[in-house]
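Two complexes come next, and they have one chain in common, chain A, joined by chain B in the first and chain C in the second.
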Partner chain A sequence: MKNVVIGQYIPGNSFFYHIDPRTKIIAVVILMVATFLLETIWQVLAGFGIALILIVAGRVPIRKIIKGLKPLYILLLFTLVFQVAFNRVGTIVLDSTMMISPYSILLMIVATVIWRLLASYKKFSLLLFISYLIGLYFIMKDLAFSPIWTSWQLTIYDQGLIMSGFVIIRLLIIITLSTVLTLTTKPTELTQGLESLLRPLKVIGLNSEDFALIISISLRYIPTILDEANKIMNAQASRGADFAEGRLKDKVVQVISLLVPMFIIAFKRSEELADAMESRDFVPGKPRTRIHDLKFNYRDLVTAVITVLCLTGSILVKVL
Partner chain B sequence: MTIKKMTKMAIVIALYVVLTYVFSFMAYQNIQFRIAEILVLLCFYKKDYAIPLIIACAISNIPSTLGIIDVVFGTMGTAIAVLGIVLVAHFKNKFRHAWIALLIASMFPVIANGFFVGLEYSLFAGYPFVETALSVAFGEFVVISFFGVIVFTILSRNKFFMQLITTDLAFKSYDGEHDGEKQ
Partner chain C sequence: MKKNHQVAVLVELGVFVAMAVILDFICGIIYELPYGGSISIAMLPVFVVSYRRGWYNGIIAGALFGLIQCLLKPPFILSIPQFIMDYFLAFMVIGLGGIFKNALSKPLPFSLGILLGSTLRYIVASIAGIIFWAEYIPTEIGFMNNLFGMSLGESAIVVGSLLYNALYMLPSMLLCVVIGLALQNRKILAINLTSEK
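Up next is the complex of A and B:
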């Protein structure tokens, strides 16, 4: 539990690692805006292509990005289903009568059982799920023999498919962008960059240095508190608590028995830390120096040029 | 800003991130029970915790599936939620029981997060807005209005803890043996 990474930083030494965090943050925001200006599926496909080229050129570990996208497939599947079910524009691609009879219900149950039995092969879970859906479709369309109890009409329009493709690719671009940012930037650098970017807010009374110190302390204390949480969980487990199983009522009691001591311990720690800082004569609000100062270099110029080119491109596509 | 205030804010951020991480299997997506959201009720007792909670939400949304989008929208939801809670806390003496005020305050995160996360998923992932908003709001309701109110009702009986979260000055030393009830 000691080596927790908040964010998903992976050490490396390619182009993206040496860009100033401020440039990276601004560039990612601008590129996202640029992505949202795109309007047709061909444009977002082109955008996706550009994003892929940038990733390959920057030698970002692609496998890690794909791994990060994995929990997304449920989301993407939902998107597809909603778009296909509710979009009623364009020409009809598929129009078939779905019938429900005792026979087809039996077959559907068999298909579900087979699907769940095969679900232990985690590698092909997506493929299995898709073939399960296709199987259900053919069972209801062709294999329902009389007596037919009820039937409904499944209609898929081409715009529904195109729209879902559009939404999915746009989402992929945005997630790839933010993953590249968090993969190649240390959390400390990210905070430092944010602090620097928020410095103008001093006018309205937000002191970005205090803010940055608070964030660094909290990043430092995340592993410590996680350790405490572990200790409490082990202590409760040795008294017979089980956080994973049990009835709902037991679970509620167990979660509360974790939260209350955790809050108290955390706040006691903050008092101790404050005392330690005070006794070392720390003065809040005093200007502070750093070991590593942020500096711009030629890479930031290259990034800025590429970002502005992308933004101009998507504005031009929208206007023309 | 005193040191005590700063370290407490930092600890609240760390607590939020840790709780999100420990229960991360149910903290993201459109059907979520984010236990860490209980912490927003801290604003009910002291409004200084509002800003660290907003920051904490932003940090713990970085590993989310929607990435930066979740950072922006989820954080907006939390920001509005803590503002509402601070507002209710301002009038908390008007209520007969503290937990009623707490329950009313807990409605703000339910509504705000439901609205913003629902909006987020309908804009970016093509989900239907009303259903997503309702499912998020339901999760928040279970966590904050049920769990949160229970946890904070228990904690508010502990005088030592209440002093710990509401004061910035060092008022006594402690060796871990003193409990609120024993004083």
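Up next is the complex of A and C:
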């Protein structure tokens, strides 16, 4: 609960940090569209190469981007397994008989135990998992001595591998793009950029300034209310409450006793803030001034040119 | 003092979107599913706002909650329609729970509103799941072609998405109802409302 960092932004001073947030948002959206236009594995590889060049040029910490990929491991794995197991197009890369016998089941259990024991080395978890799968493959292929109970045929086609590679690399590009955006832009700047970009929505009765105001208030109050929640939880802990243990019913009761003060605090805070804003004559919809105005500079031109080049490139390879 | 109603609504939306983010965060510590979507009561503040200030403001609160999640965590973009549905539509429909009258004082409309909002969110999230899995799994898995006239791949996607989303939506909804009713019982959901009218 302590030292909670909400938000992705890390301070820095490279090229990406000085681009106007509006340019960045539009560029990321266009680049995503361009990525989804690509159709073959060579094209997405080229796109990934461009993304890597941009990351290195913008001195964005690659470790952070890899961290953002973590929740995707399972998805990537599923894709790989499905494509490899079920795609029946193209030439055969691998064709082997997998056998299951009492001996191989024993070996598989041993392999699983070893894998779980080593799982505490979190840094290599992916590598470990891959070697675990390879181990299972060889156990079933070569190490099953009689009596063989059953056997099945594992056939991998090259199109299956290519398709999963395509999907995975495309996903990597998309995640990289959105991570770079949130790593190098403060949430407040993003809000300001969105407000400016969504202004045309006024035509259909949606006021982007109101949205931006709500987001700013919300971003401002997340740490405050989180702090209050922490205090309440600590106060309850000092009286013996424990949020992590107990039966479900106890947990629900504890959450309620946390939420009652939190809601009251939230109502109180919002009333105070509304009063404060009104007493300073804040009227929604009236023009306001800012400390930092957004300005375009030469970097935005460079970004725009690169973005347009990428988009034209992917349209061209799609059409030709 | 004459109150400017609009400012109070704006501020309340902001603070309750913050509450939603925090509740999501606190519940995320306890348990989170791998593909996003966790058993959490983050929907509760959105429901409360839409009961207090009408479904229109509830929809805005939902949309902005989705937007703030994109700003704070790296968003989960697999395809563009999936992104819009998962991060905006799924949370916007929560606000529609506010169409019930007297939801702040009576338990039945309160629960019905949560049921409606959660069901709509469940539908949207499932459709989004179907759309994105359809892009990542080969649907022409040749053998077996008899389940509801869909191929095995297609039916696996549909059933999988419905099941996966039910896995967190159902407990979340029940938690929202139980905890929300407890809060309603203590009469803290209608604070500040009477003084303004």
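Quick notes on this structure:
Here is the rule we use: the second predicted complex is superposed on the first by the 275 of 320 C-alpha atoms of A that agree within 3 Å, B and C clash if a C-alpha of one lies under 4 Å from a C-alpha of the other, contacts with A are read in each partner's own complex, and residues count from 1 in each chain.
We take it that a contact is a pair of C-beta atoms (placed from the backbone, for glycine too) under 8 Å apart; a residue touches a chain by one contact, two chains touch by 3 or more.
Everything numeric in this text was worked out from a predicted model, so none of it was measured.
Once the two complexes are laid over each other on the shared chain, residue contacts for A:Trp42 go to neither chain B nor chain C.
Once the two complexes are laid over each other on the shared chain, residue contacts for A:Ile256 go to chain B and to chain C alike. Contacts of A:Val33 after superposition: chain C is touched, whereas chain B is not reached.
Comparing which residues of chain A touch chain B with which touch chain C, the overlap comprises 4, 6-8, 32, 71, 74-75, 78-79, 82-83, 86, 163, 167, 171, 174-175, 178-179, 182, 210-211, 213-215, 217-219, 221-222, 225-226, 229, 252, 255-256, 259-260, 262-264, 266-267, 269-271, 273-274, 277-278, 282, 284.
Those residues of chain C that touch chain A in the shared complex are 3-4, 6-8, 10-19, 21-23, 25-26, 29-30, 34-36, 41, 44-45, 48, 60-61, 64, 67-68, 70-80, 135-138, 141-142, 153, 175, 178-179, 182-183, 186, 188-189, 191-192.
If you check the complex, the residues on chain A that touch chain B are 4, 6-8, 28-29, 32, 71-72, 74-76, 78-79, 82-83, 86, 163-164, 167, 170-171, 174-175, 177-179, 181-182, 207, 210-211, 213-215, 217-219, 221-222, 224-226, 229, 252, 255-256, 259-260, 262-264, 266-271, 273-275, 277-278, 282, 284-285. Those residues of chain B that touch chain A in the shared complex are 1-4, 6-15, 17-19, 21-22, 28-30, 35, 38, 52, 55-56, 59-60, 62-63, 65-69, 124-128, 147, 150-151, 154-155, 158, 161, 164-165, 170, 174, 176. For chain A in complex with chain C, the residues that touch the partner chain are 1, 4, 6-8, 32-33, 36, 68, 71, 74-75, 78-79, 82-83, 86-88, 163, 167, 171, 174-175, 178-179, 182, 187, 190-191, 194, 210-211, 213-222, 225-226, 229, 243-244, 252, 255-256, 259-260, 262-264, 266-267, 269-271, 273-274, 277-278, 282-284.
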